[in-house]
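There are structures below to look over.
Below, chain A partners chain B and then partners chain C, in two separate complexes.
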Partner chain A sequence: MIPPQDLLLILFGSAIVTSLSDIFGKKLGVKLIPGYIASLSLAVTLLFSIGLKPGKYSPQIAAPIPEAELIVDGLSKLLVQLFLAVAASASVHSLSYMREDDDLGAYFTLLLLLTAGVAGAVLSNDLFTFYCFWELTSISAYSLVGFRWWHWEPAEASLKYLFIGTSGALVTLYSVSLVYGLAGTTNFEEVKLSVAGLRGSMLMQVISTFFLIGLGTSAALVPFHSWLPDAHPAAPSPVSALLSGVVVNVPLYLMMRLYLGILPANLNLGYALIAMGLLSSIFGNLAALRQLDVKRFLAYSTIANVGYMLVGLGAAHRALSVGSSYQAVEAVTGMLIHMVNHSLSKSLLFLCIGNAIHGIGSRLFESLEGYGRGMRLTGVLSAIGLLNLAGIPPLAGYWGKMLITVGLAFKLQDPVITLALLLLEANFALAAGAYAYFIFREYKGLKPKVKEAPLYMILPELALALACTILSLNPALIVETVRSYVEALLGR
Partner chain B sequence: MYEWVNLLWVMPTLCALSIPLLSRVSKLLRDIAPALVCCATVATAVLLLRLPGRAPVSLKFDWVFLPGFGRVQFGLYIDTLSVVMSNVVAWISLVVFIYSLGYMEGDSSLDRYWFFMLLFLGGMELLVMSENLIQMLLGWEVVGVCSFALISYWYKDSKEERRVRWVGEPPEEYPPSHCGLKAFLVTRLADTFIVAGIITLSIMARTVSFAELLALDPGENRLLQATLALLFVGATGKSAQLPFTEWLPDAMAGPTSASALIHAATMVKAGVFLTARVVQIALAWGLGARSPSLFKFILWTGVLTAFAAALQAVVTSELKKTLAYSTMSQIGYMLACLGAASVTRELSLASSLFHLISHAIFKSALFLCAGVMIHTVGSRFYEDLKGIGRSMKALYVFFAVAALSLTGVPPLMGFWSKEAVLASIVKADTLAALLAIATAAITAFYTVRMLALTYGVGVKQTSRVHNSLKLTMLAPCAFLAAACLALGLLGSTFEELFYSAFSSAEPGNLAYTPFTLGAVAAGAALAALHYLRAFSFPGFLEPFRYVLKHRLYLNTAYYLVARGIASMGTCAGIFDSLYTKALLSSAAAANKFGEKLKVLQTGVLTHEELLWVVGGALILALLTIFR
Partner chain C sequence: MGIPNAYTIAAAALLAIGLYCLASKRNLVKLVMGLEIVTTAVNLSFMGMGMRGKGPDPLAQAYVAINMAIGAVLIALALSLLAVVYRHYGSLDAYKVSRLRW
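Take a look at the complex of A and B:
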């Protein structure tokens, strides 16, 4: 049984060791030593995370705010494991992908810090602790996007991400300060008790909206998304996998905790969430259609998928505010399952595309066309990711979308909801078509002269594809587990 | 303790699956293995014969789980009916398999032939031994698929072999692939009723197991009684009874060995088997006395089919088609006999089954002999077969013995079984009995016609003989003809033995024999006059002949319906192309809109921060106004 702070300490400790090991690595002439250490420590942390013991912990890590608290429950444990798995995959993939780069000590240290930030943010039980860890993640992410700063593209993308991300972070911080001023604490349970009476007040609405804007910026919701389509293509592929598979999910998780239970429920906010989610998914899917750059295509698809999750959250919020806890449970379960599936398949896809980009040396669709013929295994693995993402029943990706639909589809006499349902389903269909076209292009045209990717690139992809396959073969495995966690969370 | 009975269906199925493998090892092994496996199946079936007379045994293993229904059990139900059926299937299969060694020799796709023949044997044994309806349906569909595959065995439809391998005369002449599909579709249509029956039973009675259904008390539940009618209608499809008759005459496009096994001796009897089960259940529910309408329905379906099919057999110009119509007619007898069970109860079951056995023997003998004749001459038409009997004397004797057994001439086996069947029908319904006796006369007529035409009375030269006769083909014919004779001579002894297996039944009496024999003699005499003495029929019969020749226009009606459905398909095709167009144009619109959205993503940081601020402010304003 391991307390969560030990898990975080391992990550921080290995970050220090990784950055120091770079010096020895350079002396010994083994450039990849930091990479091995980082991958190993991520794998070990993933193993340790199995032993996380449920409960609340108050380590004295943030001195000015004495009540800093960490929480381990089913949901946070599941997500920490998921994010650690994706991070470990990205790290192993980087061993090959980043082989030609210099400064790998910095790269892998940043990777570890990003992961530590994510784990801390998911495990935190108070707003300020969350904010600290989240800033750590964001700053690592800005740096990783701009890792190849001597090219104009990453430099520009990183700077843009920094500006927009910081704007969002500041709004989040302002909102946290409002909550602190209102409740005198940032601990979730205590905040919940203090603000319960403020339902429908102007201040409460401002706080909720600021959280939506601030966290929505990190989650890349339209209209706060503009950093993402530039950041993804500019970043190295494993970092893109982390951005789409991990970074955009954490603010959504926090929004879920805030809007379902801590901040008082409000029907109009539910509509706003649904509307924003739909806007994101429509924008993401339509914009994805016209992209010439594969990674940009995937980036827009991430915006769309985040939109689905927000629709799920909005549906749950609406259900709670009209008092139908059954639909709320279904919608949140759908949202979380979609999060898991999207995280696994999107990072799998970014890694696979990384193989192709690494082999062919271009990010453009027209140069990559037919890579599935040259790189058989990579082609099959990316097809698995795409099919799962398309949500073809009975694959795992289907269940999340279905449960979100179930959670949204009640009291249909409300024309807004009917319209929302139609738009959502149209989006699912459009996206499935776009992914199918992607698979087609994977095998289209002449066979490019490219060899199959090296082992370090294939291994993590195999692991992610295996996870997708297992979830597809036995979706009950995750659906039932997540549903029981959600029921516990919503007190049902 | 009876788990070994599963070997009945497991052995042939496994052998079927290993045929492609065996074929790689050695072609000889592939041809011999089915006969050996069939011997083993016969041995297993014979071992079962020790069991009748005791209480039925029902073996059960958990099988599939159906939501809302519970667990369906996989099991075997061993009672007299299933034991008799499994023996008939195994024995006839063995004979036909040996015959096939000669008949199919040199065919280029024997892997396929043996695969489907063995799969058929396995499916048929599964069908007759199954403990519940769902499992029975599985076997039912397996034999359906095998029937389809074997009818369209010569699926290339080559025009050169039209006179042997096609069926019918223009405009109703069809190639094998067409016939296979037709058989499949028509029987499928009837299967829908079985599926409906099974669904209704599982909802209303909460069980599909035969043993549990027999023990059920339906009370006054009319729906449950109607369910039995649904099952019976399904059964008529497989047995080619009215109105599902039209597939069987065309099924003659398959190899004659397959016709003998599937479309004469066994698969078409699956309908009789299912009807017998239905009748057993109906009797156990006490429907015989309370509401005999189900029994009337069965009785009249059987009698009418027997009559109509016998009439059509009279006018057909192909040897195999005569036999096909005769099969339908004889199965009509069996069903009519089952329909009489409301009066004669167990006796009807025994008589019907008795006729089933004797029909299986003489009809497969007839088919096997006919196969040799067609094989030798290279044509299925009577006009080419004239005189074949004279050049193949021994074979013709076997053929004649089996044909006389079909007519019901004492002391052959057919005589005893037909008397038993007629005795049951007479007790149930006089009008039906009159029709049945008339059918016996017509049967005699077309049998004598068949014998006369193949013998070639009045034809001086004998037919051209293409192929030499093989022992593997002659011996099975001899064996079956001898069985007709031997079992007929043992007649009443065999009958008593058989009837004692059905606990409460006694053999039927021979009180009506003079009438039936008179009718048979009249029919035979008329045919003999016409074909031997050139006696011509009066002209007013010509329109009847015309209608009969056109298959009572039932076939035409089927094709009309099929064409209607096909034109509905055309309509759906038009709709589909419109829909595709709409889909494509909406996709183009989405693409265009995506292009327009590019404007939003200028990539200039100031623009994007502006978007962020304006968007955020808008959301804030909206949410604070509408809170």
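Take a look at the complex of A and C:
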């Protein structure tokens, strides 16, 4: 049983140790020492996170400070474990993938800081604490995207990500300051108590809209998405896995906390969330079809999947505002299950594509065609990820999408909702078709001259694929667990 | 709690100016200045929101101090990336630094 601050302490401490170990590694001639330390400490943190003790933790100086409170409940524990698992996989994969690069001490330190920021953001019970950890994540992510700055592409993508991401974060912070002005505090529970009476007021709508714009920019929702398809291809593959599997999920988590527990429910906001989610998924799926670059394809598919999650959130918000909490629970459960599935399978896919890119030396679909024949195991593993994302019924990806649909599909006399359902299902079908075509291209054409990837690359992919398979074989496990967490969150 | 006071109104105006600058300027250095203006607007907004009764709220002061540090890190990173981009492109015009589709 360990408190969450110890978990963060391990991550920050190992970040310092990693950056120092680079010096000794260079003297001893073992370049990968920081990588070993980072991977080991991430694995240890993942083990420790199983023993996180539920409860609230405030630092005390004279009296407890609610504005720096950390919370461990079912949801934050689940997401911390998920993010640590993805980060550990990416770190082990980097041991092979980044072997030729210099400055590995900086790389692994940034990776650990990104993970620490994500873990802190998910565990925080306060808006400003969340913002601080989120900025730590973002700054590490900007630097990791631009890690190979001597090429033009990472430099430009990183700068663009910095401008757009920081503007979004600052807009979020501005609405945090409005919340602070209303409530006199930023602690989630205290804010909830003080804004409960302001349902439907003008100021609450302004605050909700600012949060939607700011967090939507960080989560790459459609009008504000343009950083994501550039940042993913420019970053090294393990970093792309982290961006898609971890970073875009954190703002969605805060949106979930805000719109379902804290800010009062508002029917129009529910419709706005559904519309924005649908726009993201339609745009993401259509734009993915015409990409020549594999990583751009996967990046647009991330935008589409974030859109599905937002539709789930919007459906839950709508259900809450018309007072049917059964659908709200279903929709949020679906959103979270889709988040877990998408995070596992998308990071698996980015790592597998990383194997192929590392082996063949190109990111274009044309030159990668047939990599599944040359790299048998990588081919099978990426097919598992793609099938899981496509959500063919027995696989885990199906359950999240089904629950989102169930949460959306009620009071169907409203034509807008019927249209939204149709568009959502069409999107699922379109995406499944695109992924099937991807699998076809994996095995199409001549066998390229490429050997199977080394052990450090395969090992984390096997672990992620195993997680996807376990979820597929036993979906009731995760569905029931997540539903009980969501019921606790919504107070049913 | 009286939200509209001189500070918060000025903060909202500054936010609008900063976002306008971010949306309309072509020079990348001016975009960094836009980010700086928005950071200042948010800090001023926190201070204005903390003005109640007897002087400023220590909580708001703590927030602003932390946010200034974060802002400084961001600006440092942005300027170092600008230097790298200038070496690649020989220009700081956002329209020329657009081999990726901005």
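Just so it is clear, the second predicted complex is superposed on the first by the 485 of 492 C-alpha atoms of A that agree within 3 Å, B and C clash if a C-alpha of one lies under 4 Å from a C-alpha of the other, contacts with A are read in each partner's own complex, and residues count from 1 in each chain.
We adopt the following convention: contacts are C-beta pairs under 8 Å (C-beta built on N, C-alpha and C of every residue); 3 or more make two chains touch, one makes a residue touch a chain.
Small disclaimer: the values here were computed from a predicted structure and weren't measured.
J.: Looking at A:486, would you say it contacts chain B, chain C, both, or neither? Reply first, second, both or neither.
T.: Neither partner.
J.: Once the structures are superposed on A, label A:215 by its partner contacts, choosing first (chain B), second (chain C), both or neither.
T.: neither
J.: Would you sort A:113 into first (chain B), second (chain C), both or neither based on which partner it touches?
T.: Neither partner.
J.: Scan A:269 for contacts with chain B and chain C and give back first, second, both or neither.
T.: first
J.: Would you check which partner chain A:200 touches, where first means chain B only, second means chain C only, and both and neither mean what they say?
T.: Touch status of A:200: first partner only.
J.: For A:223, using the defined touch cut-off, is the partner it touches chain B, chain C, both, or neither? Pick first, second, both or neither.
T.: Once the two structures are laid over each other on A, A:223 reaches chain B alone.
J.: Under the stated touch criterion, which partner chain does A:395 make contact with: chain B (first), chain C (second), both, or neither?
T.: neither
J.: So, A:290: does it touch chain B (first), chain C (second), both, or neither?
T.: In the superposed model, A:290 contacts chain B only, not chain C.
J.: Touching A:135, do we find chain B (first), chain C (second), both, or neither?
T.: A:135 contacts chain C only, not chain B.
J.: Show which residues of chain A both chain B and chain C reach, each in its own complex.
T.: 159-160, 163, 167, 171, 226, 230
J.: Could you list, by residue number, the parts of chain A that touch chain B in their complex?
T.: The touching residues are 159-160, 163-164, 167, 171, 200-202, 205-206, 208-210, 212-213, 217, 222-224, 226-227, 229-230, 266, 268-269, 272, 276, 283, 286-290, 430, 433.
J.: Sort out for me which residues of chain C touch chain A in the complex.
T.: Chain C residues touching chain A: 1, 3, 8, 11, 15, 19, 22, 28, 31, 35, 38-39, 41-42, 45-46, 48-50, 52, 57, 59-60, 63, 66-67, 70, 73-74, 77-78, 81-82, 84-85, 88-89, 97-102.
J.: Under the definition above, what is the set of chain A residues touching chain C in their complex?
T.: Interface residues on chain A, with respect to chain C: 67, 128, 132, 135, 139, 142-143, 146, 149, 152-153, 155-160, 162-163, 166-167, 170-171, 173-174, 177-178, 180-182, 184-185, 203, 226, 230, 234.
J.: Residue numbers of chain B touching chain A in their complex, please.
T.: Touching chain A from chain B are residues 587, 590-591, 593-595, 597-598, 600-601, 603, 605, 608-609, 611-612, 614-616, 619-620, 622-624, 626-627.
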